[in-house]
Structure formats: C-alpha cells, structure tokens
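The letters A, B, C and D name the chains in turn, as written, and every chain counts its residues from 1.
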Amino acid sequence: MSQTDARTNGGAPAGPSIAELMAVELARRLRGDDVAVMGTASALPQIACRLAKATHAPDLWFVAGGTCGVNPRLAPAVPSCCDEDLLRADTAVPLSDVVLLEGRGDVFTVFFSGGLQIDAHGNCNLVSVGDRARPSLRGPGTVGLPFLARVGRVLIYTMAHNPRTFVERVDFLGGPGFLDGPASWAAAGLTGGGPAAVVTPLCTMGFDSQTLRMRLETVHPGVTVHEVVEATGFEVVVPEVVPPTPLPTDEQIAILRGIDSDGLLKGR
Amino acid sequence: MSQTDARTNGGAPAGPSIAELMAVELARRLRGDDVAVMGTASALPQIACRLAKATHAPDLWFVAGGTCGVNPRLAPAVPSCCDEDLLRADTAVPLSDVVLLEGRGDVFTVFFSGGLQIDAHGNCNLVSVGDRARPSLRGPGTVGLPFLARVGRVLIYTMAHNPRTFVERVDFLGGPGFLDGPASWAAAGLTGGGPAAVVTPLCTMGFDSQTLRMRLETVHPGVTVHEVVEATGFEVVVPEVVPPTPLPTDEQIAILRGIDSDGLLKGR
Amino acid sequence: MNKVLSLHDAVERHVLDGVGLLAVGGMHLHNNPMALVREVVRQGQRIRRLLTSPCGAFNAELLIAAGLVEEIATSYVGFEHLGLAPAFRRSAEDGSLRVLECDEAYITHGLNAGAGGLPFAPLPAGLEVSDVWKANPESFRLVEDPFTGTRVLAGAPLRPDVALVHAAEADTAGNAVLAGAHFVDRVMAMAARTVVLQVERVVPTEVISRHPVGTTIPGFLVHAVVEVPGGCHPTASHGHYRVDEDHLRRYLALAGGAEGPRAYVEQYVRGSGEADYLQAQRAPASGEAFA
Amino acid sequence: MNKVLSLHDAVERHVLDGVGLLAVGGMHLHNNPMALVREVVRQGQRIRRLLTSPCGAFNAELLIAAGLVEEIATSYVGFEHLGLAPAFRRSAEDGSLRVLECDEAYITHGLNAGAGGLPFAPLPAGLEVSDVWKANPESFRLVEDPFTGTRVLAGAPLRPDVALVHAAEADTAGNAVLAGAHFVDRVMAMAARTVVLQVERVVPTEVISRHPVGTTIPGFLVHAVVEVPGGCHPTASHGHYRVDEDHLRRYLALAGGAEGPRAYVEQYVRGSGEADYLQAQRAPASGEAFA
C-alpha cells in the first residue's frame, strides 16, 4: 500500500528510525515454526523476517509474494515484492502455487497486512473510502487480503497512524479482522486466528480478549498515550499501564542495517 | 493398454508389419493444424505423429502425456509415455497443465484412445469386464478417457481385433464414443466431435453417419471382409465396396523406421 | 509455422476493437508487455473489459489513461511503493471506469478454471466474509458444497479472448521461456483463447528445449510472437533489465494533473512509433538495459 | 531445521499404522518412491486408503501385494507396456480390495483442491457421461453451476494425510528439485498434510537455489527427507537411472501364480533391509544405474 504519511525520525542518526523500530517490533512476533507470507510493497516485513531469522528464529520460513522467493537472502533489501532480486533465495515457486497454498489454511501461519483504512477490530481496507461506486478515495484493490480469514496470525503494519487510517469501521471490508466483534467473529466460524498485532509509527497494539477491539500495548520512544489516542479515529483500549516499546539492541540494528543496506527504512 | 493379441506380420521382412501399417493409417488422419495428445503405452500414436510431422503435416503438435514432452524428437521411439527420453522435445510442461488443458476442449483436437473393450458406437472401457464389483477382468483404470467427451476427434487404436474386445456395448463406459447412438449422442450435447476412426490389425473403420455405428472403411492387405465380421463381436456396418487399406509408401516406411529405430512396431 | 509478426500486425490481427476480455500479463512493475499495450493504444482498440494479474500496474494504467477501457476486472492497480495509479484512481472515483472488484484468489483460480474448462471456481471457506463478492455479483456466486451442504463462494471462470503476455524468449513456433518470476502469466496464457507474446528475443527451438519442465509456455497455446527488445519499458523484464523508476516518477508527476495521463499518452505513445519510443528512452541511466 | 531422517525413522514417525489416506508419487514405472514403499511394507503399516497419481504402478502393486491396502483411489494401476498389475488385478477381482474409481481429471483437480483448501473440484462439462462417477458416489457429486444453472460433476478435495514423493535432490530443510518430468508430484506435495521425500541425494541449499521457478518443492511443505540413492528401483529415477524392466518381468512371471506377489514381498522386501536389497540389485545389467 502507499505509505505517504511516514513519520520522520527525530532521533540521533545512529539510533533506529521509526521504520527500523517497527521492523524489530514485527520481527519479535515471529517464531521459528512460522511460515510467513507478505505481498505488495513489503520491504518492512521482509526485513523483519530476515532479522528474525538472523536472531531468535533461524528456522522461520517466509515467502515474498509476487516473485515468491522462499527465504530471499538479499542485501540490499528491495522495495518491490516482484523484484527479480528476490529470487536470490533458498528456492522460488510460481505465484499461482502460493495463492493456492494460501487457501489451504494450515501452511502459512503469518500474513502481513495493512490498509488505507484499519478499523477497531483489525479489519483492513485497500479498496475504497466512502461509497464504493463513487469513492472519495479509490485504493488500488484488495489483492490477497480476503485470505486473512484463514491464516494463523495476522500482523498489521502501517506507516500512517492518523484518524483517516484508523477508523471505527472500514468502508469496505477486504481483509477480515475480528469483523464486528465477538458475536460476528464467533458466528463466522473462521479457521484463522485473526489479527495478532498492529505496529504503527506511534505504538504497538494488540486486541482486547473480551471486546476484540484494538488495545494499546506499548508506545514508541517519545510518544505519549495521549498522542496515540488523538491519532486514532476510534476509542482504542488503553490499559492502566502502557510500557514503552523496548528499544532495539545494537546487535538488532546492526543486523537490520546489514540487510537493509540501501537504507529503505533508515530515513523513515 | 496391454496389447497381448498382436497379430504377427506374415509378409516379407522388408514390408511393413501390421503395427507399422497401423501407424501409417493413424498418421494419415492427422492434420497440420492438429494438437494431439496421447497417454499410456502410446508408442504407436507417437510414431504416427512423428511420421505425420515428417511428411504431410509438419505443423502438427503432439504431446506425449505422462512426461508431457511437446513434439518429442527422439529416435529410437520408447514404449513408455513417461520415459525421460520424451523430454528431448521442443519443450515440456507439467502433466497437471496438460490435464487442465484437456478440459478446455478447444486446445487438443485429437485424442488417441483404446480399450479392453471397444463397442459398436466407439465407447471405450479400460476399467472392468463383467460386473464392476466382482469383475471377470479388472483392467488398469480409465486414466483420462472421460475427456474424450470434449475433444475434436478421437482416434481409436488397438492391437486386439477379436470379439472379446469389440463388443456391442462396453461393460463400463470410461471413454465416451457415440454413447448409445444418435438419440443419446444428441441428448448429451457434448462439445467433442466423437470418434473419427478405429485402426486395428485387420482393418480401418469409421462410423456410419446415420446410426453412428462402426463402419468398415478398408481392410488391410491379406484380410477379408468376412474375417473382420467374424472378429467383431457386434454387427459392423459393411458398405458395398470395401477397398484395401493403401499400402505405406517406401518413403513412409523408411521415415517410420528411422523414428522407430528400436523396432517397437517392426515385429508386431 | 512461423508465428513471428511485427508489433503492428500482431495487434491489428489479434486485438480487435471492442475486445470482450483482454488480459495483460506481468505483476506490479515487472514483465508488463508494454510494447503490445502501447501498440493497442496507437491503434486505438477499445476494450470492453480489461483483466489484470492479481496486481496490475502500468499495463492497465496506460490503457485507462488512453481512454480505451470500459470496465476493469482487477484486484489491484497501482505503482506499488511508488504510489497509486492516477488514471485508474481518477476514473474509478468519477465513475467513468467500472471496476469489477476481484481478489487474488479469484483471479488466479478463475484463470485456472478458464484454462481447464472448469465450470466455476469454488473458493476457500472464509473468503465470503470479505465485501469483495458483494461488490461484484457478476463474477461471484454462493453455491452449496455438495459434500458438506455448506454455502461457499464461487467465481466465474476467466476466459480472456486475448492475453498479452511477456516472456523472455520464444522460438518462431511460440514455445516460450519465462525468465525470473512466473507471476500468473503461465496460467493466463493457458486460459486465453488467443495469446500474443511479447519477447526480448526470438531464439532457435534448441534454446527453448534446454529449459526444464515447468518453466515454459508451449507453442500450441500461442498465436503470435512479437520480438521487441526492451519492450517492457518502463517496467522491468526479468533476466534483462530493471524498472525505470525515474520514468515512472516523471509519469506520476505529470499525471498529478487531470490532463496529465492523456498528455503522457500523446507525447510518449501516440506521438511516436515503438522504435522511436525505445530509442528515446535510452537515457544514460538506463542505456545498458536496452543495449 | 535438519529434516533428514533414516528410512526407518521417517516411515516410523510419519506413516502411522492405519493411515487414512496415503498418497504415492511417480507415474507409471517412473519416479516411484520405492524405498519408502518398501519400508512401509517392512514396518507393516496398514493403509486404510491408498491414492495414486493418475497412473499408479509398482508403488501401489507392492503395497497391495503385501496385503496392506484396504481401499485404493486410482485411475490406473498397471505396468504400462509390460502388462497388468497382478496383485491389483486379482485383489480387485476377488473383492478383497475396494477400488474407488477415479479418472485423471479428478485426481489432478482433486489434489489441486486439497492444496488450495478449495471445498470441491467442479469438472468440465461432458465428463458426467462416463460411468466413473456413478461407480464412486463417495468421491463425486453433481452440483448446480451457479452461473449457468446446469448440473455439473464435482469431485471431493483430495487431502492426503501423508504423501510419499520422490525428488532428485533436496537440501536438509526439504527444498527439493524435480529432475525430468513433474507428473503430478508437485501438486501431490502441496495437497498433503505431511510430505516424506525420498531423494537421490541431499545437496547444499545453494544447489537448489540455482534451479528456476517452477521446478522445485519448497521445504516448508516437507516434513522428512530420506536419502536413498537408487531407491526408485526397479522404477526409473529421472536424471539418474532407467526402469529395470528385467526385474519387473521377473516379478510379473513370479506373480502369475496366486502366491507369487507375496513370495516376492517376502523375498525381496521383508527378507532384507533396503541396503541389502539395493546391493543385491546391482546385477551387471543394471550395475551402473546404482553406482
């Protein structure tokens, strides 16, 4: 998706940029037994996967949708999910196979998602804002987001944390989160586990186990809870204690910058 | 299919064997705009296709099902449709693609068929003789024969012309011919053109345009119409004049033996 | 049979004005058959319905910018990390372009159904919770699973009348090799009634024969082969050259204004033949790519 | 993660006694994963239902000869130009083996449906005129095409609990390369819950990485890798060795008698470990093949 609202990093040059911090936050949520898949403009999750493999989850598998390189090894990381360089990988398969396997429901355990709109229950929308027939903003389209209904854990990320992106209810439900909450989620009987985390330039969020609404977990360095609440277009669940997001270690940053040697995340 | 009843050739060593004559008969029925497909134990139609390409139909395409070599070029010809040598071809595709395209109905124009039983309307059976639950003969199985319903022209060949093979009605309809004749054929509304020819060690047959029953076209050298009628387990349509099957030219035989340099057809 | 045609003749012969369903291969800004697309624009062939791969890009954008597309069946049109597709976006917003909302699963499985003569493509349970099918009742229906009795989503088969597909190499009979990623181009070629291939170069059959099973398109599916070295520009051609992001950024800057897309079409496409276009793009930065 | 296991451990761990649906790869007498099949026989694991590719061969015949198979879903079991499969034929004729009649289209599209979580596999119009589906009401149903209202044939998805598949090479993580023909082995691997790969050799990942898109099985689908050079014997291994027709003709001669198949199993499989079997097959005629 288009990431036009990237918050620039005000920290010292040596410190992590916001996007680098976000990559570390995503990496932290990947496990050695995961098979992750990601699509359009997915430099951030690709870097997160490579970082996870290089640190705590060496057995992680990830597929860069588009080219469908399996565990692409390249440095520098590339901004397009269809770059030929992503075929420098353990192996690669046709996209039609990956699309097929996305439907199996027990192959890919993690799916990275995002949206022009992301709502309180983690539903994502890349199609249109306003009435779909005459939208105020026509997005590119939903690509593979309907598969979110079948995948183990959905990790949502966006560079735009503002009330236009974070809305109470998406205008078009392309990528299902917890739908309209506990009742509709239970009624749908989906095999997927739903959204597991939302990583933004301001904070990392999870979901309240009762209401299945987005719930603040940690705030990034220099960000206040109030700022998150103001930037979110719905009432985010705020626990009594909101710890700061852990800072990446020097080792994590060094590895990450070795992967992202063109600095795709550095200035963002 | 198993070809246990091959009639041995009584002619001079230099003349064509029965199987060679049959290959020429099949080749004659292929056109330059055909795309032909064949399966199990298909040395005979493969040789026929190569012969046709080398003579009157250079633009013919053929796919050796199994390996799915496209226009395999090898000499010697091989008896298995899955032989690795069949990949010495213009190109090759996965079998799953060929199976898919067989269903499209407008890609393959010729399908070679055969059977443990072949009936008066050209239906083929490779599954079982007698009651399917406790058959007197269990055949190997029907493979892709149901696709006959969708293909332009079906060319049937068998090395066994006897009343056990040529029966009034197949016990199991695996590969559809003209079903139960004109009424059922019309009712089925199939997109395929049905069987176009039947080539055996005794003769070449077509189908009567009114009754859609097998109709004698030509008898092979040294074979009488009476012999064909006796060897056929149903009443074959016999026209007033039954010409002899044209003899292969010396050029055809020379080309054929260049392809079949291991002599798969020579002694049969 | 020699299927090699000039760019002009291939499009004139196979892409008829008012074509019912035209599919364009490639994915995002990679392997878009742009020379064929530009020639469609030059000849002004109108397209009743355009179908993209799961991610259309400059292939769809240019045809829309030229005003040739009545409807589009797609799950994505955009410039990936470079931004939204301005002509697509504007036409969809003002209602001049009807969008048949699809998702990646439907495009892929719908093409597969088209390739196989399969009557329809049932989709995995759970996909029905998205709004996609509700927005596109023509392409999607609910159907009862005859084995479980549950209602599942099904897509109509996708049978392009014509597919424009890029491959790295082909022989004169149309046997083609895909270099790099396949995207869904092989499936698209299998599903289409007519396939027009754009290739970097025509090679002897012996070159094609060396490639292993699974990497080629058989020639019996292909109706015309057009050799246009560099013809994917400004998109990438895997194995040959990369995306010309500078060119695309210039397009995006120009297309920011409402008349921008048409101005681009006039200047870069209608205003010059393909050879002149490609010649003009041999800027120092991308010169090697078209050598 | 190193997935390389011994033949014994791979079968013991992944092919449980009474396995619900066991699929065996290869087609006709080529690329049959015979070392794995023989080990299943040695361990005596019973198979509730066996699934072959469109053309099963010695892979199915041996399991049936060993008396391990309750039901078989297949569209062909035989020895192609060498003749019928005696144990299969006899067991089907005397009713001791239940045959679920399939055709090539259903096996291929049913596995595709299994791989994709697709609820079922609608089949091309016209296939319903054959008797196949009437003989197998468990696997086939008629369903109304929601787009045309016509009744079409549909097959149930095929989801093997375990697939035994041969590949030429794999790395320790299970990324595998298919040499030669693919048959339906890639689709079978995608459809199965557990994949046990038999390979000619284990190679570094760098070797796998050199192969192009479309020729490999990704390791995340694979649960165990077993290295058995020569392990397809007496069937062929594309890229490595040919069919041992002499051995198979000896089997067919022996199996002409009712007790023949079991005698073969006792002598050649239960009576010896895999290494001894392969050693014994290094006869002068086929010696090079196993070098």
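In the analysis below, a contact is a pair of C-beta atoms (placed from the backbone, for glycine too) under 8 Å apart; a residue touches a chain by one contact, two chains touch by 3 or more.
All figures in this text were calculated on a predicted structure; none of them were measured in a lab.
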{"item": "Where chain B and chain C overlap in contact partners, by chain label", "value": "D"}
{"item": "Where chain A and chain D overlap in contact partners, by chain label", "value": "C"}
{"item": "Centre distance in Å when chain A and chain C are each reduced to the mean of their C-alpha atoms", "value": "28"}
{"item": "For chain C paired with chain D, centre-to-centre distance based on mean C-alpha positions, whole Å", "value": "38"}
{"item": "Whole-Å separation of chain centres (CA-atom averages), chain A against chain B", "value": "57"}
{"item": "Multi-chain contact sites of chain C, meaning residues that touch two or more partners", "value": "109, 112, 116-118, 123-125, 180-182, 186, 211-214"}
{"item": "Sequence positions of chain A contacting 2 or more other chains", "value": "67-68, 87, 92, 94, 99-100, 103-105, 150"}
{"item": "Interchain pairs in contact, sorted by label", "value": "A-C, A-D, B-C, B-D, C-D"}
{"item": "Residue ranges of chain D in contact with chain C within the complex", "value": "109, 112-113, 116-125, 141-148, 150, 152, 154, 156, 178-182, 186, 211-215"}
{"item": "Chain A residues within the chain D interface of the complex", "value": "32, 35, 59, 61, 63, 67-68, 70, 87-94, 97, 99-101, 103-107, 150"}
{"item": "Chain D-touching residues of chain B, taken from the complex the two chains share", "value": "2-4, 40-41, 43, 66-68, 79-84, 86-87, 92, 94-96, 99-100, 102-105, 126-128, 132-147, 149-150, 172-176, 179, 188, 190-192"}
{"item": "Chain A-touching residues of chain D, taken from the complex the two chains share", "value": "1, 112, 114-118, 171, 173, 175, 186, 190, 193, 205, 208-209, 211-214, 216, 218-221"}
{"item": "Sites on chain D touched by chain B in the complex", "value": "27-30, 54-55, 74-78, 80-81, 83-85, 88-89, 92-95, 99, 101-105, 108-109, 112, 123-127, 129-132, 135, 180-184, 186-187, 236, 238-239, 242-243"}
